[in-house]
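Shared chain: chain A. Partners: chain B in the first complex, chain C in the second.
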Partner chain A sequence: MGNFVALYFDAILPSAFILTLACIVLLLTAFFKHKADGWIYYSTQIGLFVGIGMILRQYWCFPDAVAIAQGRFRLDHFSMLGSLLVLALSFFALFYSRKELIRQQLAIGEYFSLCLFSIVGMLVMATAYHFLTFYIALELMSFPLYILCAYHRGSSKGSEAALKYFVTGALASGFLLYGISLIYGVTHSFSFVDVGLAASHASGGEMVMLLVGIAFILAGLAFKLGLAPFHMWLPDVYEGAPPSVTLFLVGAPKIAVLFLLIRLFQTSFIPLFEHWSEMLYLIAALSLLVGNIAALTQNNLRRMLAYSSISHMGFMLLALAASASAGLSAALFYMISYAIVSLGAFAVITLLNHHKGTVETVSDLAGLSRRHPWLAFIMMMLIFSMAGIPPTVGFVAKLSILLSLLAAGQVAMAVFAVLMSVVGLYYYLRVIKVMYFDEPAKEVVYAPVVSSGSLALVSLTGLFALLLGIFPAELLTYCQTVLTYPLQI
Partner chain B sequence: MLISIKTLMLITLLAPLLGGVTAGIFGKNIGKRGAHAVTISLMGLSFVASLLLFKTILCDQALKQVFSLYSWAISGKYHLNIGLLVDHLTVAMMLVVTFVSLFVHVYSIGYMKDDNSNQRFFSYMSLFTFAMLCLVSANDFILLFFGWEGVGLVSYWLIGFWYEKESAVLGGLKAFIVNRVGDIGFLLAIACAIVYFGSADYAEIFSQAASKSSEMMQFYPGVSFSLMTVMSILLFIGAAAKSAQVPLHVWLPESMEGPTPISALIHAATMVTAGVYMLCRMSPILEYSSTALSIVLVLGAITALSMGLIAIVQNDIKRVIAYSTLSQLGYMMMGVGSTAYAAGLFHLFTHACFKALLFLAAGSVILGMHHEQDMRRMGGLWKRMPITWLTFLIGALALVAVPPFAGFYSKDSIIEAVHASMVPGASFAYVCALLGVFVTAVYTFRAFFLTFHGASRFDTKHLHVKESSWVVIVPLIVLAIPSIILGAMTITPLLYQTPSILGDALFLLPGRDVLFTMQSEFHGALEMTLLSVKTASFWVTIAGIVCAVYCYLIQPKAAARIKQYFGIFYQLLMVKYGFDAFNQQVFVKGANKFGQFAYQVIDMKWIDGFWVNGVAARWMHLSKISRQLHSGFVGRYALSMVCGLFALLALVWVGI
Partner chain C sequence: MTVIPLAYYLMLSALIFGISIAGIVMNRHHLIKALMSIELMLLAVNINFVAFSQYFHDIAGQIFVFFILTVAAAESAIGLAIIVLVFRRRGSIDIVTLNELRG
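Presenting the complex of A and B:
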């Protein structure tokens, strides 16, 4: 019995710790107002670090998968990788938030506690093994995000975006819940494993019900990932939300949703693979088309990157649809590298914000190569990676996805994806052209003030894009290893 | 033997390369004098090494050897190696090349003394020598082609050496472009070899030649030609461009825009003979195609006669010699075409000496006249430049084939061979050859008399013409010696001895050997000299010389009268039979028009307009539409989501 308690404790330690941290931050804010701003910032960041440490300890404690709380959670290396990425990406995003919040004169305490609550949701999501756990975790992640989008009360764009996000998000939650209820109706279970077992025996009307449920759940998750045609909120939010919130949004939440998606579809729905793979192809192809086409005429930088993110999610989903184990690892590799690269790109944009002016449109980047050559170089590496130009990581990621598509015999889809990447080149290269060849407008001719710490961190993402592109083997192999866990029940 | 043949080969080959690279890269550091010293000493080393090789191979009768240096490319079943072939033909060619090159190097010190880019010039010359040596020492088509292109490239650099001069730049371009035409033929021939023989190696190809002699090459069903004929003709196209045979000869006169030492080295003695050398080397292939031999013979004959005729009306001293070179190359080709390969090569060797001599002597005249090249403004120079006069005279006598000068033996052998040949077209070629002998005598002595005799037609008060310095004179004297004796010395071992001095490099089908039939009437060089009075060509030569003496020395007005009398013919010669105008009208303008069409219609309208920009514009248009769809109304957002959901459900419905 004691052994069981210890195991339980070890398993929930990271999320419990972050939850406690969130409460402490909230209390600190309540009692000390903004006098505790520094404390809050540092304790959050250090707390995230400690959380990372705890997960690393789990790696060592739990070499094999364990199910906890009557199978509501599952702890294995797959979930640990998810948690680790969530914490690391959040750390990265919050690192740039403080300065940005101060610049916009926004309260720090509530911001960080909201972020921490959302992170708890993500951590639970990565370990969820039960439909209820998954749904509650998803809502726990989403609600703070809705609030964060409207964090800048003075910004009408932000409020509008948050409202749209919330309304459509509610619709998506409805889809999800309805889908879960249908699945429960057929299988009489909330457990991922039991649903999987029932699905393998399902036939006739039961199977139809299951598939309809899957379609609803897929629609809900696609909304969270920002896949067409459930993507409409994404450009508005990326553009309207405070820059620091956008920075938070592009990384960790998507990772968490993807880990859940892989777990759910590989554990519960895998018997019906042939049926839902077509749904994934449809959504992926639409996302590629919509994302790339819409990005072509965007002048707003963050809006353009939002559309680009839609197309990236579509690209990644292709591999999930192809689904062979190589395809899964390609998708995971793609998602990890894209999360880091897009975080880097948004961080560069955030860093360039200045009390004299902010970076809104693509042309605001004009002449960056002369104003801050290193930052321009980093941005170029990140953009190259998004465009998928060797030797950056984006190329390897795209290549492995295409290979998995070809392995699945989906030649037409692979050709389509390549053509869409060609279309995407236009708006990516435009950014580089503007940075390197265009003359800046008179009023923005200032050198960005960047602290060495933020510069080092953002440089890390640029170097990551380059180095991982040259030496991708380790991460690719690791993705493959880690993906054996959700496949074994 | 202290030094192995391989080492000697590598020294001969690489010393000029080292010199050229040193003078080229470190030219600024070592200066003008340094560049002279480096290139000439290394060139001398190369000459000595090739002399030793000559001795080893020819005199000591060492066996022919093949060295593989390294593997250049391995592609599928093809292994392309870079290797050297050392046989009698190679060492003979190497000796000629290094000999002429060395003395042209020395001569250039004097000729280029007022020029500021001596280092560049000497570097090019040494690089040229390297490329030419590669060409003659290759054991397969790959290195042969490297050398072939190498000499072409350096020739282009050197023709345009004075790049401020527009005519020089254009001349260089012309040479380069015309040679590309030949290269197409040559490359296709190499491709044929690789495809049909599976190798680019000479030995491999030649060993299969007999077995493949009746193989047909199918272009498309129903149309097929003999493989050997196709290959030989392709090779001849390459050779015709390099050796300036009609109709690919147009570049050679223009190449005279380069400095005179270059005209001597590249455009007379060595590079232009590469085509002849190559065809001789390919004799095992050529022998199996009477058609190709006939084409070579007839085109050679046409070149020999028609280009000689043009030389009569030229006024630029270098151009006269240039057209004479064209004509003599025609004779060499006739030698090849009549299957008297050895005679063709024999003429190649003697011609290398006396034509280099003539060019260098002309260069000496040009130097003395302060870069005046028009013979109408010369005359009476013999008193002022006696050594130049004498050496030019020796060269001229060798060129017009007066016994016992070198040219007599080689040219007469060719004419006899053509006479005896059974190749179709031989009788036509024989007539051309005899007429060509007359023409040669006329233009040579016309140039000689106009330049050195008669009244001085320049401002003698202001222009002080004096003999050139010793660096110019010494090469003239050195080259004059072989121009006199080389023919008499080498005719027996080269043509009528078994085994001949060329060893087994040349291949002849049994029954085709014209030289063998001629051997019965040959009783040594002395007798050939004495018996020359009984041959037609001798009297034709004398007639030509007499004609020139009358028209240009005794009765200078006669030339003008003849000119008037044959007005149309004169005009035809002045426009060089219209080759240039034809090329200009058809190829240059045609290419321009096609280029314009390709640019404006294919590229701008079709590729750029329709595809590149058109496709991009369609996408932008789509993007604008999608922007309108994204209106910002939250109801529409929800609608899109619901539509998406229905699409997924539709898939479920379809799938069941």
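Presenting the complex of A and C:
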């Protein structure tokens, strides 16, 4: 019994700790108002670090997969990697938030507490092994994000973005629930494993109902990942939300949703692989098309990056559709590298915001190479990586996805993906051209004020894009090892 | 006592689900209507869960419904708060006026 309690304690420790931290931050804000701002910022960041330490301890405590709470959660190296990435990416995003919040004169305490609640949702999502846990975690992640989008109360763009995000998000969770109810109707269970077992001998009408359920769940998750044709909210939210919130949105939530997607589709729906793989191909191809074509005409920088993120998600999904096992590691590698690279790019944009003027359109970057050569260089590395130009990590990621497509015999799809990447080059290279060769149009030209800490952290992402592009083997093999866990039941 | 077949419940819930989707997609003017449609959608799902749960004598489906009801309450609280914010900024909650972000 004592052993059981200890196991339980170790397993839920990181999420329980972050949850407690969120409540403490909320209380500090309620009682001390603005006097506790510094405390809140530092305790959040240190707390996230401690959370990372707790997950590293889990690596050592749980060498094998364990199911907790009658199989409602599952703890293995796959879920631990997910939690680790969520915490690290959130740490990175929150690092840039404080200065931005002070610049916009927004309250600090509630912001960090909402972010922490959302992080708890993501952590639970990475370990979820049951539809009820999955649903609650997804909503716990999403609700604070809706509020955060409207965090700047004076901004009408922000409230509009929040409203669009809320309505589409609610629609998505409705789809998701309808899918879950159909799957419950066929399999009589909410557990991922039992659903997988029941799915393997479904036939006839049951099979049809199961496939409709999978389609609904896929639609719900595609909403959250921002895949076409469920992407309408994403450009509006990226543009309208406060810059620090956009920074939080691009990294951790997508990682959490992807980890859940892999877990769900590999554990529960794998017997029906050939059926849902066609759905994934359709969504992926549509996302590649819509994302790349729509990004061509964008002038707003964050809107352009939003459309580019739609196309990246499509690219990643191709590998999930291509193969039941080998393509997965390519998809995971792609997602990890893209999350870090896009976080870096948005961080550069956030860093350039200044009380004299903000970076909104692509032409606002004009002359950055002279105003701040190092930031321009970092941005160039990140943009190169997004475009998939060697020797950056984006190239390796795209290559491994194309290889897995070819291995699955999907030559037409691979050619289409390459063509769409070529289209993408146009708008990526435009950013670099503006940064290096264009004269700034504005009369007041200011040099960005960047603290050494934030410069070091953003340089780390640029360095990462370069180094991981030259030495990708370790992470790729690690992705393969980790992915053996969701495949074994 | 005659038992109502499961298929009838499923048809009812599919019908309500369809109405609520139409309510969100076709609604061009009033945001409160969109919020009501969202609630309706979750209730349609609840019919499904309870019907399956009753039919299979498995209590888990009904427990799921409790969670959905709780989450739906939180969801409409957030939705109403955002609508109040939009109304303060623009003095109207007509969907047509939400056109600052486009492209």
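The criterion applied here is as follows: the second predicted complex is superposed on the first by the 485 of 489 C-alpha atoms of A that agree within 3 Å, B and C clash if a C-alpha of one lies under 4 Å from a C-alpha of the other, contacts with A are read in each partner's own complex, and residues count from 1 in each chain.
In this text, a contact is a pair of C-beta atoms (placed from the backbone, for glycine too) under 8 Å apart; a residue touches a chain by one contact, two chains touch by 3 or more.
Every value quoted in this text rests on a predicted model; they were computed, and no experiment measured them.
S.K.: Return first, second, both or neither, reflecting whether A:293 touches chain B, chain C, both chains, or no partner chain.
M.R.: Touch status of A:293: first partner only.
S.K.: Report for A:146: first if it touches chain B alone, second if chain C alone, otherwise both or neither.
M.R.: Second partner only, chain C.
S.K.: Can A:377 be said to touch chain B (first), chain C (second), both, or neither?
M.R.: In the superposition, A:377 touches no partner, neither chain B nor chain C.
S.K.: Please indicate which partner A:39 is in contact with in the superposed arrangement: first for chain B, second for chain C, both, or neither.
M.R.: Neither partner.
S.K.: After the superposition on A, what does A:62 contact: first (chain B), second (chain C), both or neither?
M.R.: neither
S.K.: Can A:239 be said to touch chain B (first), chain C (second), both, or neither?
M.R.: After superposing on A, A:239 lies in contact with chain C but is clear of chain B.
S.K.: Touch test for A:188: chain B only (first), chain C only (second), both, or neither?
M.R.: second
S.K.: Who does A:416 touch here: chain B (first), chain C (second), both, or neither?
M.R.: neither
S.K.: Which chain A residues come up in both lists, the one for chain B and the one for chain C?
M.R.: Common interface on chain A, chain B vs chain C: 163-164, 167, 171, 235-236, 297.
S.K.: Spell out the residues on chain A that touch chain C in their complex, using ranges where they run on.
M.R.: That would be residues 131-132, 135-136, 139, 143, 146-147, 150, 153, 156-157, 159-164, 166-167, 170-171, 173-174, 177-178, 180-182, 184-185, 188-190, 235-236, 239-240, 297-298, 300, 303 of chain A.
S.K.: Mind pulling up the chain B residues that touch chain A in the complex?
M.R.: Against chain A, chain B makes touches at 616, 619-620, 622-624, 626-627, 630, 632, 634, 636-638, 640-641, 643-645, 647-649, 651-652, 655-656.
S.K.: Which part of chain A faces chain B closely enough to touch in the complex?
M.R.: For this pair, the touching residues of chain A are 163-164, 167-168, 171-172, 175, 207-208, 211-212, 215-216, 218-219, 222-223, 228-230, 232-233, 235-236, 274-275, 278-279, 282-283, 286, 290, 293-297, 423, 426.
S.K.: Of all residues in chain C, which touch chain A in the complex?
M.R.: Those residues of chain C that touch chain A are 10, 13, 17, 20-21, 24, 31, 34, 38, 41-42, 44-45, 48-49, 52, 56, 58, 60-61, 63-64, 67-68, 71, 74-75, 78-79, 81-83, 85-86, 89-90, 98, 100-103.
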